[in-house]
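Before any comments, here is the structure.
Think of it as A, B, C and D in the order they're written, each chain with its own count starting at 1.
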Amino acid sequence: MEIKVPHEVSVQALIGLGPVFLSYVISFLYVGIYWNNHHHLLQSVKVIDGSVLWANLFLLFWLSLIPFASGWMGENKFEGLTVTVYGVVLLGAALGYYVLTMSLLKRHREDSVIHIALGNTLKEHVSLFVYVMGLVGSFWFPRLAFALFSMVALMWLYPDKRIEKHYSDIERSSKGA
Amino acid sequence: MEIKVPHEVSVQALIGLGPVFLSYVISFLYVGIYWNNHHHLLQSVKVIDGSVLWANLFLLFWLSLIPFASGWMGENKFEGLTVTVYGVVLLGAALGYYVLTMSLLKRHREDSVIHIALGNTLKEHVSLFVYVMGLVGSFWFPRLAFALFSMVALMWLYPDKRIEKHYSDIERSSKGA
Amino acid sequence: MEIKVPHEVSVQALIGLGPVFLSYVISFLYVGIYWNNHHHLLQSVKVIDGSVLWANLFLLFWLSLIPFASGWMGENKFEGLTVTVYGVVLLGAALGYYVLTMSLLKRHREDSVIHIALGNTLKEHVSLFVYVMGLVGSFWFPRLAFALFSMVALMWLYPDKRIEKHYSDIERSSKGA
Amino acid sequence: MEIKVPHEVSVQALIGLGPVFLSYVISFLYVGIYWNNHHHLLQSVKVIDGSVLWANLFLLFWLSLIPFASGWMGENKFEGLTVTVYGVVLLGAALGYYVLTMSLLKRHREDSVIHIALGNTLKEHVSLFVYVMGLVGSFWFPRLAFALFSMVALMWLYPDKRIEKHYSDIERSSKGA
């Protein structure tokens, strides 16, 4: 993911980068959040099999398309079709993450760390719902659709109380307090 | 590996990306599968020496050429020569993986984890055979050759029962069940 | 981060790369130092929560803009506006690192490794001060401002006695000496 | 490091990539060998301080210039000046590796793993000697100089008996044989 260096040196050239920069910021958040969650998800995993491999590749595939979709959207100032394509990529990534989570849950016991940490999938369902709404809306109100997609990213930045609590418990018990 | 952003915003521009996208998908699968298998392969390794280093560099070299070969093929709509070059790169990577596997097997005892996991090399041999067939066919039927190469990628996505079984055993024994 | 290959082969073409090369060197140092410090910082961490995730993404965001800002500045021979933008990116990264450090300190006990290693934040405060001064000065004396930014990078390359001492202690005690 | 996709589809276009491909192969070997050795070097390290950080950044800096130097050389068919610059980059990387090794040796006890593994620095000295000779020769015989640089890469691919032996010993003792 990169922003192309403008040839000119002027405040106007910088302002002209606005849409590119905005789509860069949101896409950076998405990739950062997925990277972080993906890392945590696979860290607590003990069993990997074919369907987990499939789901993982599927997720990474959509994530790998974010720079393309983001660049096309930013360079064309959020024109309708580009926001639709961006939404399709985000929806694909969300589905990939969802399928990966489900594959992992199915292969671990009910009392495993991963079951406790991922028991509540409210955020995942809200995200999928907003993506579909944004996709439909992107034909008429592309900028509103992009605003919806941005709100999903911000929602995922909120601290997840369940996982936090879990980590604190480990910390406390490992210190014998 | 990346898809160049089109200048235009139109459904036609997206459709025009079709061949580029198709070669991107298959190349993504190849790199993902190799990356995954390579990771697993080296994880169970205890002894590394000069010939393993050689074989590893040889494999990574061919993998590093996939973006080039894939891009050239996609941008030229699967013209004969480009599919041939793509097949040569895939064959090179497959040979590198084969040599790496053999080097590792030679340096580990018969009852080591790596011997059990890699005892059966049917998939490897089928892949090499299809690559050679595809290469020969690419002069006359490049699209058919590409279809064959794609089928090899899909074949590797099938869960490998042997390794799965092995991992389940570890899981079970480590939980004392 | 990369330097574009010149079309011509001549000593003049190489000399013409001077400003690009200089900004590449300093940016390389910045990214290298942050990468190193970031790695050490997160290695001694036991508790991660939402605000640490936020601060981490915020830091990585500004670091990801260094190639853009550095390239623009180098290709335009340190023109005023480009140095200002470069300074904003460095300041953003420094703030991100500062917030990340503070988040981590708040979540660990007073006697934890991370508190001992990061107790003294003199360098951090000097850096922030120089960035702000450089930013103000960049409108009138962009080259002087860049020189100030370079001095901050060099300051961070100085061995940090506190951490060194700490590591030596671990080494010594683990060897029973 | 990448090879630019040619616009044309023809055997001539492929042959025209010859010099680019050759410089890509040798540069790939260099980066691969350094990456491998660097990884092994830092793995057996217990103490890191300021001068190790310096040396490490210095080495990575020169390695980061290899794609630039390699691309310039390949696209200009090994013209004199481009081979000289390539040699300067290789010499810089070799010096960085040498300084890093020396910093690490100085900070570890005489009987540590790293002292045993790196006791003999013949290869390092031969490499430095050949780089200097190649650099001088590159003004008159650039292709001969490139051949010398390539031979250094091949020399490093030879199995290093000392390290191999060491690893086998660990393996054997850990298996109780």
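In this text, contacts are C-beta pairs under 8 Å (C-beta built on N, C-alpha and C of every residue); 3 or more make two chains touch, one makes a residue touch a chain.
Predicted, not measured: the structure shown is a model, and the values here were computed from it.
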Worksheet item: Taking each chain's centre as the mean of its CA atoms, which one is farthest from the centre of subunit B?
Response: C
Fill in: subunit A onto subunit C, rotation angle from CA fit, given as a multiple of 5 degrees
90
Discussion item. Same or different interface residues for subunit B and subunit D, judged by whether over half of the residue numbers are used by both?
Written reply: different
Response to the item:
Here the gap between subunit C and subunit D, centre to centre from mean Cα coordinates and rounded to Å, is 27
Worksheet entry | Whole-Å gap separating subunit A and subunit D, where each centre is the average of the chain's CA atoms | 38
Worksheet item: Which subunit B residues reach two or more other chains?
Response: none
Discussion item. Can you tell me, using the touch rule above, whether these chains form a line, ring, star, complete graph or other shape?
Written reply: ring
Discussion item. Which stretch or stretches of subunit A touch subunit C in the complex?
Written reply: 1-3, 5-6, 9-11, 14, 25, 28-29, 32-33, 36, 157-160, 164, 167-168, 171, 174
Fill in: Footprint of subunit A on subunit C - complex, ascending
46-51, 53-54, 56-57, 60-61, 64-65, 67-68, 71-72, 75-76, 79, 81-82, 85
